[in-house]
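These notes open a run of structures that come right after.
Here come two complexes built around chain A, the first alongside chain B, the second alongside chain C.
Presenting the complex of A and B:
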């Protein structure tokens, strides 16, 4: 079956190939000359926008992409300038970043850690991106943040709500503008107490993965501190589309509040099931039954339609706010795309401006300079009120909104009403809080 | 050479040359030109080409030879990745123990699943493997990642933290996966004129491993064992009636292909030290089936081509956005430009699945033998033109 005719010629050939193969690794020891990864040397600088364009969060991702494109326009001095006019830091001139024209490349995270890392890697290795922005899931955010740390570029997280992103998985090169599960709990609890009283029995349905657990943990802790009792916490598989079998036991459990730690399609389905079972019309323990959805988004509210009326939740930002930054952003977003932006879009827009501003103030694209400029940076005028980028864990601290599904929406975008703007001081926590402890930022990495 | 006949030797040499020169071949367009968008010669994608090539070669040993269609091969890939990352966490960032353990663990896991699944054949076998893979996915995604017993770190993916033990980690070794000190990320960039070629250490490690396993696959295809597997595919019932127990053969093929998948998973983790649960999802299992069919089932080089094809689309086409399109058609008058962008828009960016789907349909309808058959047809056509002589043409199909 085999043929062994060894000739001199063949031996030489084989030897040459094998030799070349063996010699290859020695060329890798040479290092490139630039001071840090992807140092922009030409007249432009490239930012990488890594958002889910397919999969369950595709809608959020596309909204983020629109906002990022708008931010690039504003940085390059096109359009009406948006929040550049209201931002308290005046380093940005509308002439790009450090005089270099801003260009961008896009990638599809598919809401999968692997795919997100692949597309981020291709943006870093192939297109030479100096910063990666966006994303709509905590798993993806943590994965991409780790990659950016190793590769030596800055990561400006998009929508990520789990405590871990700036908790045990925090990294020196990564920054989160969005709020987190702990803040949701801290902001919601007083409103819940005011609306529902201090003697409630809560039943949790929780999406069975990392974000769900941290949110459940946060909400349980802050409601129990009020005097509420937690009857039961049930994990639901992420892939479920029908939650009837999880809702039915709620009725007989003696609970009078249902907390849905679900997001996206999961939340739309579980809320719809709960409404179909008539939970909101029930009276338990002599009190009206209530439903709480700790993390809201405009797109989920639109998906749940009628069912969301009167249901409480929390948000990072809402287009109906009346401060100057919000007005400027909503105006230029609305004029360009003919709809109001979602809160994930606002986060991505703000993150791009914050990165550009930090580079401008640091005077360099070097990630270590940017980290230094962003740490403990205080600013205002991007729509969230006075905001602080804490240096200890790279988490933004700002007001958190408590919202309620609008009873009488006047148009398609008016699905949520703002109940309360929880002041920043109330949602702050120690960086070594048990829900966040265990990680360390490490050193900033400028790459090669 | 190496116990291969002339044709197989030349095939192996072609594969060797292609993989070793990939940084040149995949970067045909000068940097900064409009066509640079289509360059694929950056480290991450090149690594993916060969890693998924290994995965598909292994899958083909099972599917191409025995005809058993496993819909759960991604489970072995995922198990391999987790094993490798655990080695990074516990031992050190050296890739050798990680890759070895990933192959061993995937082998054991496939022995278990194969032993149960191979009691049935045909569609029942596919469903069983699919069920096992989805079970593994669910385990990795939530069950095995609870705070009390965290083996997989769930949705976030298993990664290496600064406070992990890493018992054999030396201070002067890089803080990234490395092969005796050569970091898998280290890249030597060669600038020639307008071109820039990346030579990445990790890629060459994967490439050398792929050549070795490709050689192994050739030997398996040409061995009496391979012949036995082909007999299973042609008519297993008749084999059983002759009194021959085919189970050990199919189980061996299943375990071998599981180990290939584990190797691919281990290499993935070695290139990028993170293991996510999505690696085990049924879509990932489906992908390797597509790769094999697209390239040519039962052929030696087909799966590698299919893997390259799919990964190219996933990574290159998904990154073309409307801005890029506008810059391509900028020479047209405004109305025409917008029209062209409108026409092409659904097929690029997030629409890459659509393009891939259409191409897959075309291949399956017109080239049932996959890309390999296309290549042979092309070759015959060219030969026929040159010396109008009827050639025997087709190389023997594997079945």
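Presenting the complex of A and C:
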């Protein structure tokens, strides 16, 4: 018979020691002599990749993670170097960042703000990440951006399209490489005018949350500026799976264009339902009925299948671009993973390189040095041509793509065709534009 | 008037899915007394039977076409489905085109088997446990099943289009005297409603007019007495579990062309279907069907612009609002029986 040594006093003692042990990383961070949060002191530096690994955007998250891993390889001098060969800044040498080997940890945002904050917090406090990158939702981006500002680390937002991320919710420690809803409207409007004319009546179905509202506002403003009339704007619950009861009223509304301000599963289902109801075969007001999906992604296009044929939308980037940066990245990614990268993958890849480059140019991992290096930084060679990280709001400006569902795809990857590359100047706006007003970057926070 | 008819059609269509799932839930609850939170997962598995068959029929061999290039500039690998090579391009393409209807034949035995294994392997061990335990274990099972599907098929929706001949829409309005283009409705949605009606009618006929059905109904009313007569009622109830699983699975197979299947689709329907069962009356098969169609129609009308501008947010709460009103005025639901879940 074994002797049981467990006593109440011993349990309390053990618990106290274990609790103190678990609290150590935070305690040290709070009281250390470091100049900034998670200052790398060893031979390596940790980056935190916070992407949706579960939930509805897990496919996009997986693609982001593949690209981030590729970026780490290139930074450490492995593989073919990818965009290090085309990037106009030559600060990166393939020897890590400031000579420290790059390592990474990952978190699962689940596309939920609270889960994303928790995983980012864990990577910062327990793993010592100096930068957080990734995500596929504006709600997540705004939540994690706020956390990184408080914690004193850099946040390179992933796929976030709502105006608010670099509008009323902008933060000094956060930067957005992705384009936004205003830019979608500005890029799409001239193409819509050219292809559909200036006398159109639009009916909007809009996902009922922050991103949907800002996209609707942007597209309504840009199309009404063309002379289009907005017949109706209908909000649809984010949890909707069947849109037939929202599509049916469109048939007899007097509209001749349906704008789907939906993303992900919402967009796949609403577009499928619209096609089922024969909207694209309909003639209204003497014109062929049209559908517009202002924000596209390759993975959504794959989900929508044949329904996407002929439907116009906009994108941040596409693997079919022919600039040198795009070609280098597609080659690296394609040879490693045997498929072309999505635009969310390209966004995260570029952001990891841009962060590393900013650290090299600043000569420090201190977030305030990195912020200074990234503000008003102009470069080329990472895709989309000449690019500018505007200091006033930390929004990136580059060419925006107008794309259309390919009528005759030759393989699983060319479901979208590029209709126009809208020049950067056409999508620029004043930082105090009403759609972006109300927030302030505040001061850079180095933490510690 | 045409707008009202369109929303009634939409409601019947939504209601078809609710009714089919709720019917299966009620069958299981009425026979085995189990609250099965994994029933939505059975709907999802049915849809993925169609996805799997579609993928099997599209299994291809590759030939290199030197005249075309892939995205890396290498010679393009052209895929040709084996069925097209075996049966000729036209017949092979037609077989692939009809993969969803063909999936019905595949899904029936698979779903019966899934239902049998689920009942014998897990759920039978929880018959005598509290309903809370049953809910927890079946909800856990639902999560496991959806994660398995996500592992193999990914998180993206997967298109399972209807056959070309049954895609598109028809002008129903002209047939009943309206102006052309007044009531245009998708063909597959009409088929889905007809299919649901057929399945529901078949289940009722099976229970009403067969000896097996009579014994099951007797067992639902008084299990112990039927057992005392020497009838193995447990075996029949297990078979009914399999049938309920098959009904949910068939509902999923046919639903795929309406909205592309994804791993989460079962959860999307689960809560709504339970509300349907409660509104219809726990254990009442006609109640489940009636409530399914009723709530489907109300949900459609609540999504109209008139409704959402008059009462903002009504489209998101209508089903729960109706549930509250029904339970306040008829605590046993629309057609609930005395004594069910009241001990």
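Please note the rule applied: the second predicted complex is superposed on the first by the 418 of 448 C-alpha atoms of A that agree within 3 Å, B and C clash if a C-alpha of one lies under 4 Å from a C-alpha of the other, contacts with A are read in each partner's own complex, and residues count from 1 in each chain.
Just so it is clear, contacts are C-beta pairs under 8 Å (C-beta built on N, C-alpha and C of every residue); 3 or more make two chains touch, one makes a residue touch a chain.
Computed from a predicted model, the values in this text were never measured in an experiment.
By the document's definition of touching, of the two partners only chain C reaches A:249; chain B does not. Of the two partner chains placed around the shared chain by superposition, chain B is the only one that A:108 touches, whereas chain C remains out of contact. Of the two partner chains placed by superposition, A:185 touches none, neither chain B nor chain C. By the touch criterion defined above, A:294 lies against neither chain B nor chain C after alignment on the C-alpha atoms of chain A.
In the superposition on chain A, contact of A:235 is made with both chain B and chain C.
Once the two complexes are overlaid on the shared chain, A:134 sits clear of chain B and of chain C alike.
One of chain B and chain C touches more residues of chain A, and that partner is B.
Within the superposed three-chain model, A:369 lies out of touch with both chain B and chain C [touch as defined at top]. When the two structures are aligned on the shared chain, A:209 is found in touch with chain B, with no touch to chain C. Within the superposed three-chain model, A:122 lies in touch with chain B and out of touch with chain C [touch as defined at top]. Shared contact residues of chain A with chain B and chain C: 54, 58, 235, 237.
On the chain C side of its complex with chain A, the touching residues are 2-3, 6-7, 10-11, 13-14, 68, 70-72, 76, 150, 154-159, 161, 167-169, 181-182, 184-186, 188-189, 258-260, 262, 264-265, 268-269, 299-301, 303-305, 308, 315-316.
On chain A, the positions that touch chain B within their shared complex are 1-4, 6, 10, 14, 17, 20-21, 24-25, 27-32, 53-54, 58, 104-108, 112-115, 117-119, 121-123, 125-126, 137-139, 142-143, 146-147, 150-151, 164, 168-169, 208-211, 213, 235, 237-238, 439-440, 442. Residue ranges of chain A in contact with chain C, taken from their complex: 54-59, 232, 234-235, 237, 239, 241-242, 244-246, 248-249, 251-252, 265, 268-269, 272-273, 276-278, 281-282, 299, 302-307, 319, 330-331, 334-335, 340, 410-411, 413-414.
Of all the residues in chain B, the ones that touch chain A in their complex are 1, 3-6, 13, 16, 20, 39, 42-45, 48, 138, 141-142, 145-147, 153-157, 159, 161-163, 176, 179, 182, 185-189, 198-201, 204, 208, 222-223, 272, 274, 276, 278-279, 314-315, 318-319, 321, 323, 349-350, 352-353.
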